[in-house]
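Next up: the structures, one after another.
Shared chain: chain A. Partners: chain B in the first complex, chain C in the second.
Right after this comes the complex of A and B.
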């Protein structure tokens, strides 16, 4: 019997990035269910809507209009029922300040958006196959920034 | 300044003055006594001579009378009686004189009376004899007896006169003796005292002279000091105030007038008059400061504006301190014209604002470069990767070539943006210095470059490097850039050999371009056997975007060495390049110990 798909949610205001994301998962041969929201406000509405199943992994862009990724991260970490969602930061930049702050606020992994589609696929595949149990229990500053 | 010796000599001079007066008084009193005694003895001498003279006179007149009456006895000629007739009156006159001369001399008065008795006896005898002769009642025998008796009396008179003369002499002699005793000592003592006084005067004269020299010198120094202070005030554009806190008397130095743009002494410098020059909005500052100083003893620096006589606005700064001695408390103040300084500061602040503004603009440019440029580029690259992967086969040969060229251009742009970001980060990043082992940093750099090193089959040899206080990630970047450069510009077909050397330079061995000669430096050089360069380009290659080679020959953005230079500067160090075409290049970094 087929296993339950991994529920994945991406919050990103950039249409192209959402497209790459979606296409990458289409090509990854793992059973996933990808949902997309367009910004932070939509993300929080989605999460708070009891009608939606909560994702296993949330990919969070930082630089979004209305409500930034950091704002969302802070809100999510304050809500007990959202605590179990693994959070992967998914950002264009990888400034030391952003990495530091998201790590402190409890994000699980930091992904810098690659400029090559194959690399993107590899990274996303790696993220969803991480043993999250391990990743969340041994919060480690050194391997927080994911690189290939 | 030599003030103390003068005070001391003032005391010395006063003592000498008092001593001199005492000695002069002493000498005068001795002289007076001396002169007085001399006068007395001369009076006494005169007196004694007068007495003797009168006595001799009496005796001589008596003798005349006797001689006369003897002549009469022999010749019976009345001519001989002439002296006898006047003798009685004359003798009495002498007696009166003698009586007066010896008025206070009791024994002499008694003697005088005895003498007078004897004289009367003698004169009586002569009178009797003469009367007898005239009356012819006297015998020759009686005359002879009378003459004998007369002789006796005459002897007694002589004895009496001698006695009186002796007495007179003895009084004089006694006085003379006493006088001599008194006076003999005085000339010597006067002389000694005079000599001594003279010495004292000479000494004081020398001393005064010396003090005068010192005083003159001190005066001269004081004059010079005053002059240099007033010159300093003119040069330094300040004036001073002195206020006695008890009497409230306030003295301004003369430069006040100059700083207020007035003719010297054109007004009386008082606090009220001064206040008229202070900008109306700032007067309360000056008043409050004076009150604070007077009441609370505060001495705070404060600033206010002055409107000069010609209307020019100037900025003044005032500060001061209290000086106390047991007698009084004094406030010493300095008021300085700081207009130039103030205007400079204002201009500087303005430029600082401009600089801050342009830094902000640069920062926002960086943001644009990092985010907004990266974003579309990343998408271009991703889309191309989609095309070249999925749709390459559907493209014509030309189309495939164009896609490759777009791919290559996009990746060059990626490198350029990354390098630019690295350069600006090198500029801006927090400079955290920590003790770092340069060997370890070099090792990390080699790891970063491992792929290139392997590809080029390069040999890297390194000397022992020191542990230095550096910004670790920047020094690592420096090694990456320099070794990366050496790999990039290697000779085709020749395995790169890269040597990393380290040399400790003492202060005297430093190259001329290092200005701070106090420190010791490490010279760390990276040399290669690559294509090298003409020495004339040695400085140009560090300039941003400067490249010596065609882009198609060697990949590169022209930023790497600029970053190296920046890193060296961040460490207050230096970097130089030496090259020879076809032989190799050496980059040397100088880092202070």
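Right after this comes the complex of A and C.
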């Protein structure tokens, strides 16, 4: 694993979910730096602010007020300088068709929010490990699709 | 010290004869007096070789006749147990996992060309049946090979209409 921390950004309007997410990463033994934003508008401001380092991977909740996760996904995919960020949809369970649709729109990972903390930790660790392989092992990012 | 070496370019040399650990220590001390430090990267070099060999193995046109471990062991002239230990130490993942990941990547690449059937792909990648292939693909990516193919094809159509 890298010596430089893996930069992680979560956009989620639910305070409890943000807390669990942060705690999970505190307990995972991988060097990460987690940043949090509260909704889609904040997310886009964060990404467009040149003062912020871009995340390696963005976790995106779908149901957010002001600007939904899908709206953010579509905007991000239109902006060339954001194209290298891996996008993980982090949402409550959806139908296979909905999941497929987010992949078609450019998401790389789809995570159904698990109900217990240990499962969450395991899933997040798995995503970061695989993401690291895509960052370093020269895998084709166009084929980076993962559903958990 | 009399050491034969070849200059390999930026900050890298290859030493002609293997050095004893005393020799290595002496070289290190001598170089230190010039402010030069030897970076021990033997393990990461071995890991890179393992990765390269796995990628080569997975991308071969013909089916493998030996086991993965026997193939790696023979190609790299090291016991598999040792290779496996070093690999896990450096990458935090196992050789088996890395092979599985690379095989899945190869499968994705073959699926996305739309030229082969899943049965043909399963055969090429040494799977005993197409069902086993589909199951493993699903267990690693969370999506079926058919769903993967649909998504990739839809993305292509979208980028075509956007142009």
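Here is the rule we use: the second predicted complex is superposed on the first by the 127 of 148 C-alpha atoms of A that agree within 3 Å, B and C clash if a C-alpha of one lies under 4 Å from a C-alpha of the other, contacts with A are read in each partner's own complex, and residues count from 1 in each chain.
The rule we apply is simple: a contact is a pair of C-beta atoms (placed from the backbone, for glycine too) under 8 Å apart; a residue touches a chain by one contact, two chains touch by 3 or more.
No experiment lies behind these values; they were computed from the predicted model shown.
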Next on the checklist: After the superposition on A, what does A:26 contact: first (chain B), second (chain C), both or neither?
Outcome noted: neither
Checklist entry - Can A:100 be said to touch chain B (first), chain C (second), both, or neither? => result second
Next on the checklist: A:84 in the overlay: touching chain B, chain C, both, or neither? Say first, second, both or neither.
Outcome noted: neither
Checklist entry - Which parts of chain A are touched by chain B and by chain C alike? => result none
Checklist outcome for this item: chain A partner, complex, touching residues on chain B are 370-371, 374-375, 377-379, 381-382, 385-386, 389, 414
Checklist entry - Where on chain A does chain B make contact in their complex? => result 14, 16-17, 20, 23, 63, 92-93, 95, 113-118, 120
Checklist entry - What residues of chain A sit close enough to touch chain C in their complex? => result 1, 96, 100, 103-104, 106, 110, 129-130, 133, 137, 139-140, 142-143, 145-148
Checklist entry - Which residues of chain C touch chain A in the complex? => result 51, 92-93, 101, 105, 108-109, 112, 141-143, 147-148, 150-152, 154-155, 158
